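Note that subunit A is present in both complexes that follow, paired respectively with subunit B and with subunit C.
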Partner chain A sequence: MLKRYLPFIMAVGIGLSYIISGSSPVISSWKATLDKWFLISTAFAVLIGTASLSQVHWRNLRRPDRRIYSVALGIALYGTILLGLIQTGRGAQYQILYNMTIVPLEAAILSQIAFYITSAAFRVLRMRSFEASLMLVSAAIVMLYNVPIGAAIWPGFPVIGKWLMNIPNTAAMRAITMGAALGGSATAIRIFLGLERSYLGGGDE
Partner chain B sequence: MSFWHKLNQMDSRIIYTALLLVLIGALIFPMGLPINIGTSSQAAYDIFNHFKAGDILYVSFDYDAAGATDIQSSVEACIRLVFKNGGRVAAGALWPIGAQQAEYLFRDMLKEFPDLVEGVDYLNLGYKPGGQMYIEKAMDNIAEACANVDNAGRNLSQSPIMKDLKTLKDAAAVICGNHGSPGASEWVPMYATAYAVPNKIPFVVCASAVNATINAPYVQSGQITVYLNGIRAGAEMEILTGQLGTAVAGMDAQSLSHLLVLALMVLGNISYFMVKRENKAKKEA
Partner chain C sequence: MPIFSGQLIVMLIQVSVAILIYFLIQHAKAGHRLPKIRRLAGLDAIDEAIGRATEMGRPVIFANGSNGLDDAQTIASFPVLSYVAHTCARYDTKLIAVSYVAPVYPVMEAIVRAGYIEANKQTSYDPVSTVRFIASGWGAAASALQGTMRRERVAACIYMGAFFAETTMICEVGASLGAIQVAGTASTAQLPFMISSCDYTLIGEEYYAAGAYLSKDVVQRANLIALDYTKVLAICLILLGAIMATLGNASALTSFLML
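This part shows the complex of A and B:
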């Protein structure tokens, strides 16, 4: 009973009190306290994430096919934490570790996307229908708008590209943002009314 | 199998190799295509070139090493102008790796401006979790939002710069280096709309190119004062500040790789229609 209702009461109570404290000057100091609680709890989320990741990879150690990856992850995770705790993020070895591993690895992973996009552009952007043709032409113009060679080929490309970004794209993005905001509000109302309980981990019954 | 069929089903490895050759070729033999200065880059240059001595710029490094390829050159150019004019810089990060990016950039700046003193002219506040809530709290009290410690774990009261930076409202301008969430979407409602726009404080976003579509409404509405888009803006800022770097060097590679993608799109469509025609002819036969 307690396990089921306590998290729900806490979520609704804190959520409603936050909304009220934001609009009422009488209890505005409560909002500052809640802000502080939130910042502390998000910092704890990092700890929970680390514990959860460790748990998964601890289990993987029993599986020979996955063992090597989990060991590598464990060494990287706890080695970095340990080095950070000893030296802080400014230590010489920590800097070397960062510059020699994270920087090239992240850059390499991101740059791989360029290869996949090139291959996808060849295979997917085909004039199969009117809509697909429209997308193809728009993609080509926006691509040329973003690079100096576009203006060198024809000065009209940056003009049309800018129009595409500012008018049709902005209109679509506004619609998506408003839709997401309305969806978020609807979910919040459902949580406050007790209709949405999937966040408690027990389904939405 | 006909030529068009083969072309239509071209192996990905051929495409990857072609792109690799184009990129390497452009980097080894730069063409030096002219880079026109856009209005956004000029506006950013004007803001930071007129920064007064002692003014504080707050920079939020909301990106990682992957985003840095697109963003860091713009951020670096803006910070360079601020230091040149005697301004001060405080850095925070809503992304864990962002704190390291700030550390990386300040280290480079020290080579250029060896007289800068940490804690006096610049300070790295480090990674602060909470996203939107951190910004809201920092609007009232930065020290409390940072749990009173900087990136090196020192008490913030030890840094003289913090005496003039009690809240985000004390910053003469804010830059958000944006590669995703948390980033500009969090800064716009909590800082730009609530404070920067009504008080005419510049809020500059240096973003990776993929974020252009998401941020376009905020630029159009004026919630983002200046939007520096990707490596292109970085190259323009490098030209304006007279310090040519990786962004200018990468522009030819970007131009040629875009041309390759366009050429492949054209080839793909020609082969698609030719195959379709061949199939139709076979059916009729």
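This part shows the complex of A and C:
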């Protein structure tokens, strides 16, 4: 009962008081306090996540097919934590570890995007329907607008390309952004009213 | 209670929305008919995707993006995960729910376990292989997700949440595997990639409505309808502002809204 309702009551109470503190000068200092609490609770959430992850990989050690991956994860996780505790994040070895592993690996993964975007563009730009044809023509004009050769071929490409980007594209993106903002508020209201409780980890109940 | 300048109308709108929601919930509980909600093909397709995975005997993968519990997009993914877990458990379909944010992982684990318990299939729930923390950060996660999808030969991919540069990579891998892909996000920069690679995409507000839409609960539906009325009000205000700005007289409306 307490496990179920205490987090919910805390979420509703703190959420509502946060909204009110943004509107009234009487309790505006409460907002700053809550912001500090948020940072502290986020740190604890990382701790819970790490503990839960360790638990799962501890269990994995009993399964020979998964053991090697769990050992690798454990060494990487606790080795980095230990090095960070000894040297802080600015330590020379800690920086080397980060710059020599994470940075080049992420760059290598990011480089795949060019190929994937090409295959996605090929799929979208096939002229299967009127809408797809419209998309193909618009994409071609916008591409020519973004390269110097476009203006050299025909001076109208930059004009049309700029219009496509500034008028229809901006209008559609703003509509989506406004819809998303209203949807986000709707989710917040659902949480405050207790209609959305899945974040407590127990389905819709 | 004193109120900051420009916050009065905002507070009045918030209170009005809460009253409207309460009224519609009571209306629904009293057995009155609620207005119909338009069908969202993307959410209806989740059943189809899980059904296909069941027929093929291949797993369903669920990913909820790169953001933490402080993002409404992550919170909005949980009811969908709950629904997917419950449906997969009911049909004995293998589910792989992946997280790449450490604090989100235990919440996902609890939701999936609850889904299996609700379906009375708690013995089928494998805590090690069902919910997986694959990596931290989008780069490593993209690599791990691609590998998982290819090794497990997933038949259905459900992406709900805030995604970043990994979107194209994972969606294209799913498309190359011939999997049914259902995506939902409010990240406008990633929407074009999802639309181009996935079979169904929930755009912006549709994504936030997913939880209430899937629940089939009358209270949740009443809430969704009340919030749609609020959206109508917001659209009316936008139109009014656009007309008044075109006529060169938007200051009166701005002054009113900034009370």
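Please note the rule applied: the second predicted complex is superposed on the first by the 170 of 205 C-alpha atoms of A that agree within 3 Å, B and C clash if a C-alpha of one lies under 4 Å from a C-alpha of the other, contacts with A are read in each partner's own complex, and residues count from 1 in each chain.
Convention: a residue touches a chain if its C-beta (ideal position, glycine included) is under 8 Å from a C-beta of that chain, and two chains touch if they have at least 3 such contacts.
Since we're looking at a predicted model, the values are computed, not measured.
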| item | value |
| --- | --- |
| Which superposed partner A:Leu39 touches (first subunit B, second subunit C, both, neither) | first |
| Touching partner for A:Gly184 - first (subunit B), second (subunit C), both, neither | second |
| First (subunit B), second (subunit C), both or neither touched by A:Tyr98 | first |
| Partner chain(s) touched by A:Arg59 [first = subunit B, second = subunit C, both, neither] | second |
| Subunit B versus subunit C as contact partner of A:Pro25, first or second or both or neither | second |
| First, second, both or neither for A:Leu144, with subunit B first and subunit C second | first |
| Touching partner for A:Gly156 - first (subunit B), second (subunit C), both, neither | neither |
| Contacts of A:Arg123 with subunit B and subunit C, given as first, second, both or neither | both |
| Touching partner for A:Met173 - first (subunit B), second (subunit C), both, neither | both |
| Footprint overlap on subunit A, comparing subunit B with subunit C | 38, 42, 45-46, 102, 105-106, 109-110, 117, 119, 121, 123, 173, 177 |
| For the subunit B and subunit A complex, residues of the former touching the latter | 10, 12, 15-16, 19-20, 33-36, 64-69, 97, 99-100, 103-104, 126, 128-131, 133-134, 136-137, 140, 144-145, 147, 151-153, 209, 212-214, 216-217, 220, 229-230, 232, 251, 254-262, 264-265, 267-269, 272-273 |
| Touching residues (chain side subunit A, partner subunit B) in the complex | 32, 35-36, 38-39, 42-43, 45-46, 88-90, 95, 98-99, 102-103, 105-107, 109-111, 114-115, 117-119, 121-123, 125-128, 136, 139-140, 143-144, 146-152, 165-166, 169-170, 173-174, 177 |
| Subunit A partner contacts - residues on subunit C that touch it in the complex | 1-4, 7, 10-11, 14, 17-18, 21, 68-70, 72-73, 75-76, 78-79, 81-82, 86, 101-107, 109-111, 114-115, 118, 127-128, 133, 137, 139-140, 142-143, 165, 168-169, 171-172, 175-176, 186, 188, 191, 193, 195-197, 203-209, 211-212, 215, 217, 219-220, 223-224, 227, 230-231, 234, 238 |
| Residues of subunit A that touch subunit C when the two form their complex | 19, 22-26, 28, 38, 42, 45-46, 48-50, 52-53, 56, 59-60, 63, 66, 102, 105-106, 109-110, 112-113, 116-117, 119-121, 123-124, 173, 176-180, 182-184, 186-191, 193, 195-196, 198-205 |
